[in-house]
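Structure incoming, see below.
Order of writing sets the chain letters: A, B, C and D. Residues in each chain are counted from 1.
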């Protein structure tokens, strides 16, 4: 997936394209794979451009961060990580943004189940997250999180 | 009271009248007989009388302090109501309109509510300091009252250092704010307290320097004398001789009283309530009262220094004479011991005495209800007494009216500014004080001194 | 910081503060830092302290918590903490009908909810290839511009309120109340209109709405300008907002700003012109821009936009065509499988929806792009170096709506 | 920004002073009530008639008209047939299953929320495919479904609603309107009487009255002990000389009111030689 960064840089810097405005960045779970969808806008073409980074594995979805082009994408990537568990390499502040820090599932994934959520709702007491010595679990992929979950049980 | 009032209902009305009288008479008789027989009473009485007569100024001070303390609460209530109503009207609201006619009772009821509210101390607070801070703030503002002349012959204390005393005492308030901010274990409170300290201390300087011009003109520090020197028509007021000083003084006074646009100490949109964040109940009520008493005091000082105090804008004596009033004030300090009795002893006794018949004749009334009625009757009597007094000392009352009128104009201006202006930032605030107000007041002082010298030279 | 032997409980456990020492009031979180940014933020240098603005604070619009790292009165760094208002609207929309999406997206931007319900409708229409009747389009534009004016009027009041002026917000509420009343006559509700429908609008214009609108149009601009003279030229207001939170074009683009904060830097990016979506191509209006990118420019920009909106409403009232207000659609909508991106210009910027349909009558994925979310992010860039009092002015001039930020 | 320092502040002061004297737009709520917009959509209420009876008869038309399905209808339908729900996903597991999964095969994590017995929908799918999933063939679909399953199970109705896209209210209304469509499995023998004009001229009314008197139920119902079930048959004109009466599908030759009454009585008594009248 590393060439996403190159594509975005080209779109952003190429004098013929100059897609300088990041209209949106969001993650998508198609049920079989993960996607990251970018919407760009250019003053030259005066139209939207949709860039879809498809085929991220659902176990370990990783995509390069575009914060080196648009610093404003930081929170959007945090949201995508919070909701889908997509890890953006290069985002220096990839934490959960909506869910509590000790939350351990990714709500917008298709395999997210409500009872799953309720059984680990906040306010339950001591959470393994706080007992975990390493913060790596928190900023991990879904696989890491699942492994940590089994380890904590 | 119910326990007492049940046996009351078994008594006949005559008994209800006679029994307490008999009890009181019996008690007095026992005391009198015992005292006289043992010779204590005459000596005691004479000793007390001598002791009080020897130091009338001390008496006068006690009386004045009590009177001022009693005067601050209704003042605060009136100003709070004014603020609520005027600001409401200016933002196209109706404001308080349910409690009494035009909601005039709103602020009073707020006062009762504050009294009834829970008064808690946050965890980690420095309890004694936390408890003392509101008292310090309130006392500082009440003590400033002592030197303000309300009317000819009607002033608490005529010091020859009145202005110095005023600024000294006014500076005490900062201590209270610092205590509050430090002791309540809250970062917002701490920020508010530090802001208050920086602001008030830096605005003391232009405040004082702008007054120095007036002092040069008047040649005295006694407010009474300053007011007397502004007698005559309104052209003799110092505002026309010291316009710049007046403006500086007003701005600095606004900052001194933490009023908008300088109310950074309790900037509710930044630091939640500043030093008062953690306060509740009557402790917060003290801060609240102190703020509005400060408003009154600063307006009163502005009026006293620049707008002729209790002087009428024009000399109206012929009008009053035509109306049959006899000018000429009486010096209340001449009453001596009688004044102490008049102010300290008479009101409660009269209140209870006026309350008793209601309580006895209308058994439905609780005792405190009867007391309220008695208090109202006493006020009516007092008002009548004031009117009678006004008959032979007219311009004292007129002076009081003029003074309060001018003062409340300024109070309304304070409120008006609060309704209109946004808040300045702390650096703008300090920059304004040190870069503009201080040089301006210094220049004003310099020009005034020069003018006085030149005039003295010209007059030879 | 908590001592190691202190039993660390859940962050949301209310009883955590009861038996722990008072020093736990420190804002430092009781878990190891998750990113290097967090670690860097929560380590204090000499003379610095952390202070919490919010979640309950008079001037965070909504439930927002901002952890400030201050040195005296000066802000060194800040860390906004979101999520207090998170409802998971996107997930709810995935589980609900296309029609229900309207009412679920309605409360997102509750100050101007006409827009937040317009976008999903627009996306669904793109997926369904519906042609909306022209009268419905005009009515949509009319309602949206009215709602924009009401939102802007409230914004000015808010900005002044956060600067300590208590009066302008009530004048702003006067205008807003008139507009909201006429919108209630049109849509039935005052706040959450729920008026847009896929393929049209819920009901045609009625007489009460038109009469109210006529009364209001006769005095709107005069009233708004009158009430805003209170702060427009007020030296204190100008001195506090001019040069505050200044941001230049490149940074604004890199921060993904949109709406007034972006246009205040001079970039004429307005979706109504950049990618016209309704009958806006037929209406003439300018995109007001300003060169200085500071709070005062943003404030004045809102005033200009109000004038433009009144201009648009005037044209719409003159060109309103006759005809139906609802396209003929089956009750059950099954858009073609595909993806659609629809964006409109809300009072706070570009409000977008990225909808994926799998041929069923429910969105497979409904991504809601809220401008407040991206504009609020700029606070972290604009505020450091200013004083505590200024974070309120900057945040109010960026005008985030927490309902939309937290989705 | 004026060039005279303080002029802006003075302007603001003048404005506030002018507004202090202006008329106030406040609405004193309890005394004066603001008029509510005619289009206002407030809380839903069920109306009662003057006798105090609930006017709603669970016709589902309101739920059908609600664009965002915010209307919840629950309870027993007018014929005390069985429990129905139609409402928001948050309140009823059944409804949530409806809402989350309507016509899309995605899984939803509450298998417990199915208050009706699931059925094997193979036959029903065949029927639907044959009818091209067309909601306009609803009557034929329902008839064939009943022929296939013996009655119309709720699961079948919901499946039809899922597949054809017709609102559940439509399917349910259709199924409850026609007498020959039944929601419950037929108990015991089924005695069907045609009520077309021809048969009526030949005395179907008398026969029906006798049958109803004997079975002590009205048509469409089952006799108390469940032995006989009265239904309406459709002769489609193929019984030119006699009233068209069927017992368990077998046409009765030349039925009379007394004969049918006795038949019903015997059936209820429990010793009924099958196929004889």
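What we mean here is this: a residue touches a chain if its C-beta (ideal position, glycine included) is under 8 Å from a C-beta of that chain, and two chains touch if they have at least 3 such contacts.
Not measured: the values here are computed from a predicted model.
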For subunit A and subunit B, the contact-path distance works out to 2
Which chain is most remote from subunit B in terms of Cα centres?
D
Contact pairs, highest-scoring chain pair:
A-C
Central chain, going by Cα centroids?
C
Go ahead and note the Å separation of the Cα centroids belonging to subunit B and subunit C.
48
Distance in whole angstrom between the CA centres of subunit C and subunit D is 44
Per the centroid of Cα atoms for each chain, what is the distance between subunit A and subunit C, given in Å?
23
Touching two or more other chains, which residues of subunit D qualify?
9, 12, 15-16, 25
Residues of subunit A that touch two or more other chains sit at none
Where subunit B touches two or more other chains, by residue
90-93, 419-421
Subunit D residues touching subunit B in their complex are 9, 12-13, 15-17, 19-20, 22, 24-26, 28
Spell out the part of subunit B that touches subunit D in their complex, as residue ranges.
86, 89-94, 416-417, 419-421
Touching subunit B in the complex: which residues of subunit C?
22, 25, 49, 51, 57-59, 73, 160-167, 170-171, 174, 230-231, 234, 236-237, 239-240, 387-390, 392
In their shared complex, subunit C is touched by residues of subunit A numbered 20-24, 26, 28-29, 37, 39, 41, 43, 46-48, 50, 69-76, 79, 83, 92-102, 107-108, 112, 122-127, 129-130, 132-135, 138-139
Subunit C contacts subunit A in the complex at 7-13, 29-38, 82-83, 86, 88, 90-91, 94, 253-258, 269, 274-275, 339, 341, 343, 350, 352, 354, 356, 365, 367, 369, 373-374, 377-378, 381, 406-407
